[in-house]
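Each of the next two complexes has subunit A plus one other chain: subunit B in the first, subunit C in the second.
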Partner chain A sequence: MAIITISRGSYSMGKAVAEQVAACLGYTVISRDLLLDASTRFHVSEIKLIRAIHDAPGILERLSHSRQAYLAYIRAALTERVRDGNVVYHGLAGHLLLKGIPGVLKVRITADLERRVENEMQREGISAQEARDIILKDDNQRRGWTKSLHGVDPWDSNLYDLVVRIGALTVADAVSFICEAARSEGFRTTDKSLQPVKDLALACRIKAELVEEFPTVGVTCQYGNVIVYTREKGTGGSRLHKRIEALSKEIQGVFNLEVHSSENFPADAV
Partner chain B sequence: MEPLTLNMMLVMGMIALAIFLFVVEWVRVDVVAILIMVTLPLLHLVTPKEAFVGLSSNAVVSIIAVIIIGAGLDKTGIVNKLVAPVVKIAGNSASRVVIAISVTIAIISSFMQNIGAAALFLPAIQRVAKSQKIPLSKLLMPIGFSCILGGTITLVGSSPLILLNDLLVPFNLKPFRLFDVTPIGLALVAGGIACFIIFGRFILPQGVVDDGGHADASAAGEDENQWGEMYELTTPEDFTHYRDPVTVRDLRDRYLCNVVAMTEPPDYKTISPSADMALHANSEIVVYGRKEDVDRLAAAEGMHIRDRLEAYKMDLEASQSGVVEAVVAPRSSLIGKTLREVNLRDRFRISPLSIYRQEETYRAKMGEIELQVGDVVRLFGTWKRLKALQREGGLLFSIPTEVEEMRPEKAVWAAIWLATALTMTMVFNIQLSVALMTGALGMVITRVLTIDEAYSSVDWRTIFLLAGLIPLGIATEKTGTAAWIAHTVLNLIGTVPPIVLLSVIGVLATLFSLVISNVGATVLLVPLVVNMAIAAHADPRMAALVVGLATSNSFVLPTHQVNALYMGPGRYRTVDFIKAGTVVSVAFLVVMVAMMALFY
Partner chain C sequence: MPIIIISSEDPAVEEQIAARTAKAVGFQTLGPEVLPAIAAKHAIPEPKLAESLGRTATPWWRRQAKGRQLSLACVEAEVLDRLAPDNIVCWGLGAHLYVLGISHALKARLLPDPARQIEALAGQRGVSPQKAGKLLEGARLKRAQWAQAAFGQNEMDPSMYDLIINLGQIDPDEAVGTLTTAVGYRKFQPMTYSISSLADLALAAKVKAKLLRTMNDIRVQARDGKVVVTSKALQRERRKKTAAIKSLAGEVPGVNYVEVHLINYVIRAAAESFR
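Let's turn to the complex of A and B:
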């Protein structure tokens, strides 16, 4: 009954681990298909979404808010999918996209570099040097992306509940560790523990609805009571206000929607 | 002209420092004043005796006496008694309401601290607005402005005027008497009211006809619901079975319903229970919330909503408890703190219900909101506890007068002593401070108020602000700094007719009082303008008076306490003050200069 996120480098066998964990526990796997979800829901091309979560942002992009928007779409799609629990997500930075939710089992799968190079060589039919270059470049990009968006290094083991290095330990070993951990008391989901997930899903949904027009707003949700934070003063009667009033009628599960103008957003605002 | 000396530069440095600190407000204004009071003798700019002469000055003694007399009048409820007849005379047209209440409040504030008068009338004005369907925004600003203008009717109406005579002492100028400013003051009040009557429709926000709710709330009923109401609910027998305890905080977070009272077995009733208290099975709670939220709460938690208060009918009666709209005052110690840090529930047993800021009502996660000046916090509590909170300061609100402990039987004594003080100074020409202190003492002796009540009514901030800045005025004069600046300025602008000079001084004082406190502006400007006037062959007393009056001309920004108090309930924005305030400020200057030209 848990939510499991598996973070991995390319060719670290993370995908295989995720799929086997899901099979073992009877969970659903969510991966890149999430992007398809987000792309159809918010009418953005999938390629843009992939670039948003894969490449480290360029200088121009740092200035524009388009990446923020794409990320909000992905987050909205992801939280929507995990809100009922029993899922394994093995996309990029799942543990960070689901930040703030208690009871998420956060796993990182790594493998030693030579092994990954070997895998890549076999799959793509390229030389060892080429394979190594590709993997290192990919790693750097992912690290850069996570650092720039979340301010943390995905290689920091403190972010995870469990880090398994595939090598001496096999994929099957990793699967068995994860399944056992998922069954432990700390990751058992209840109505109470799913409430923050539902709230986050709602907050992300609203952020996704607003982000294109109002890229700088923050959104929190607690028991269906949504707060939109803005740094602009005097929001009454403004576009944001009207938009939000319409949203509160449109979206199910919103009991109360307020706009707070404040310089500092709370840490849990999406 | 004298050359610029080191001491002059030091004094100018101190002035610059004072202005800087007044503007940035890193420390409170009265602390700045004390800082000045201590630094000046350390720099040998004044003697130690001169440094503290402010504490024994006539201005400080007068203000203490005026505060005590005001508190005495307040205690007898004389002022409260005025409210009902005035409102009756006012009738139902917006203009008449504005005129009647403005005139009354102006007269009251010419003797009392004007924030007191403003707070006293607020509930009455709200009632009139509601019953006569006049937008509150059309009433509060004119009345608030009149209240500030009323401070110019007598020499004790506002701190700058009280201070004036002390600042004239070094120049050996004839002091002003209590009613010397009255013609100008009355003209200013009339001018202010006229501005709103004539230009009201252009300069006042065209609020909607309701009692101050959201602009989109069309019907009064809808608006009522916007704020919420009190509901009594009962918990079922099995409420606590097989579940985590439900606390007061849980109901807040989940349903935005504030528990304002709850019963603990067997039948112990708690008003404004603390957030961690858990609800019991088979008992009553009273929540404050919107109908839909309370319905949701009852449905989700299996509670039953009673049609009306039953168990708490007596305890939550209007004479015992109620809801107030408290405005976070300028320079309040609460600014920047969250409601959780302030912890009204545990410290005062008062429940915060909502916060109103920038035309938005905040109900969710209220505990985490950092309070700002002008935020309107709706609070529920018993009147006794609300009074305790009011005494702590920082929040401006008024408590219905009928529940305050009044001593109406002392009204005659209070009136006698006020009259005595006035007669002493007017007829027998006794120094203002002595006359007023006699009146204050008389009120204590005849038990209009106790000596402890008298002491606690004195606001030490005002005292030290006044006393601390007086030595700066002395230093400015003694070192020749004032004369130097005055001559330099006059050399720059050349010879001007006295009337132009007075106008310029008026504009200068107005601008100063917008950025620094009015007392600070007065202390800094009076020595300066007196020197300028002497050099330009204008009347130095008039120049000083212009400063004393024009520092009350603070309408353009809601920095004055009265404006800050009315800003929340009137749903005004700063831009509303800029719009209406500019018109009134200009009218103020024109009327003031015209009156001076006519009468003096």
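Let's turn to the complex of A and C:
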């Protein structure tokens, strides 16, 4: 059973598509409730997490590590929720937060600007101009956020497996295409294919635990063997060492935990 | 019945999926095999015609070449004419860039598997995968520039397509299945309005191809046999150019009325005032 991420612009009917796909396949839907999870688990206010994942970072924020920490919390919460498969995630940047996991069906739902304006006008009871301004501002924020943090444009179709434009094609058509793709061989999950998800979830959890004190560390995990990469010489200082020893006892599923000192982290390091 | 327009940065993918989709739904294919007939009809050398669709040159070079504009206009006019009978899967003729606003045309873009593309190019050119990746990225950028210069469209814009399928993870068989399912939907069935919109596009393209033989900077719109031509002219040339446009456009079968809008040729007027 697959993991499906649905990326969408505001008022593009992506939420409706996600909910109907989940209902059709009997999957769990994850969206903003994920932020509540992260907020409770890592004791950060939800509003800070929302800003971290929605707004493009300002100049000062780019210099500080707070946003990195919030994203690490969100990613840890998301990977924890998707580790067993059978989920549809339609929050922000799912395709990027779950990057590196094979077999994730990445979908983008688009709609004509005029249709989106119409949807927003109906829902919010505002004028066409106001609705257009809000949508364009929101689109720019999301583009800015993704470009600044991941260096890619969310409008780039190459990031997705399937892009469906709601217009001539309806929400029901999109749902049917997505369900058909999710049932295909390429997206069928097995214990073997879920292993990288479990490893990523573990790496993200450890990164989230370390990020506040050690914002620049990188973490990889393979079959429960965790390596924490640091740019400090030796094993990264006694403070990091002690923290890691404690974590290896605290977190379930860690088979072995090591610290490596290296200038260049592996590309898949969290 | 509908029209399916398939586009991809990889012509082999376009051809393969178009042929398989056409077979699955029992449609005809329309591809680059029509270029010799178009070349013969419009007395344009075939290599020149193929080159205009080659998608390699810079936009500035494209814009400057009147001959290439004419070649593209001839291809556009002939393709639009051939799409009128419906039940067609069109590929390799840039139709996704000029078949606009036709509700019974399903536009699909197929993204080839990047890993396979890189591997194939690296093997073919004997370069590293990194270098092959950069070459592919460069080629993609040039194609986007070509689409912008030739038809004023951003081919990378996802809103241009009804469906975009990435063959990196989705099997070609499944892509064909998705296209055949989608084309069966009621919204892609031809209606009186969409058929007449396609006929209008074809008429406008024919008039444009006719006018580009003798003049530059031509834009044409058509509706139910009425044609509006927009161009540029110096003040003193206006009457002569209007008459020429009316006469030439009037020769195209299906044109009932011609309206000409001439914009003042500011740059040429300024250049001539210094003489």
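Just so we're on the same page, the second predicted complex is superposed on the first by the 268 of 270 C-alpha atoms of A that agree within 3 Å, B and C clash if a C-alpha of one lies under 4 Å from a C-alpha of the other, contacts with A are read in each partner's own complex, and residues count from 1 in each chain.
As a working rule, a contact is a pair of C-beta atoms (placed from the backbone, for glycine too) under 8 Å apart; a residue touches a chain by one contact, two chains touch by 3 or more.
Keep in mind that this is a model prediction, so the values were computed, not measured.
Participant: State whether subunit B and subunit C clash or fit side by side on subunit A once the two structures are superposed.
Facilitator: Subunit B/subunit C on subunit A - fit side by side.
Participant: Let me test your reading of the model: by the given contact rule, A:169 touches which partner, first (subunit B), second (subunit C), both or neither?
Facilitator: second
Participant: Is A:256 touching the first partner subunit B, the second partner subunit C, both, or neither of them?
Facilitator: It touches subunit B, and subunit C stays clear.
Participant: Looking at the overlay, what does A:222 touch: subunit B (first), subunit C (second), both, or neither?
Facilitator: So A:222 only meets subunit B here.
Participant: Which partner chains sit in contact with A:192 here, subunit B, subunit C, both or neither? Use first/second/both/neither.
Facilitator: It touches subunit B, and subunit C stays clear.
Participant: Does subunit A have more residues touched by subunit B or by subunit C?
Facilitator: Between subunit B and subunit C, the winner on subunit A residue contacts is C.
Participant: Smallest separation in Å between any Cα of subunit B and any Cα of subunit C in the superposed model?
Facilitator: Nearest C-alpha pair, subunit B versus subunit C: 16 Å apart.
Participant: Across the two complexes, what residues of subunit A are contacted by subunit B and by subunit C?
Facilitator: In subunit A, no position sits in both the subunit B and subunit C interfaces.
Participant: Which residues of subunit A touch subunit B in their complex?
Facilitator: Residues 192, 220, 222-223, 225-227, 233-237, 255-256, 258-262, 264, 266 of subunit A touch subunit B in their complex.
Participant: Help me check something: in the complex, which residues belonging to subunit A touch subunit C?
Facilitator: Subunit A reaches subunit C through residues 103, 105, 108, 110, 112-113, 155-158, 160-165, 167-170, 173, 176-177, 180-181, 184-187.
Participant: Residues of subunit C touching subunit A in their complex?
Facilitator: It is residues 103, 106, 109, 111, 114, 156-159, 161-166, 168-171, 174, 177-178, 181-182, 185, 187-188 of subunit C that touch subunit A.
Participant: So in the complex, the part of subunit B that touches subunit A is made up of which residues?
Facilitator: It is residues 215, 244, 253-256, 293, 296, 357-365, 368-370, 573 of subunit B that touch subunit A.
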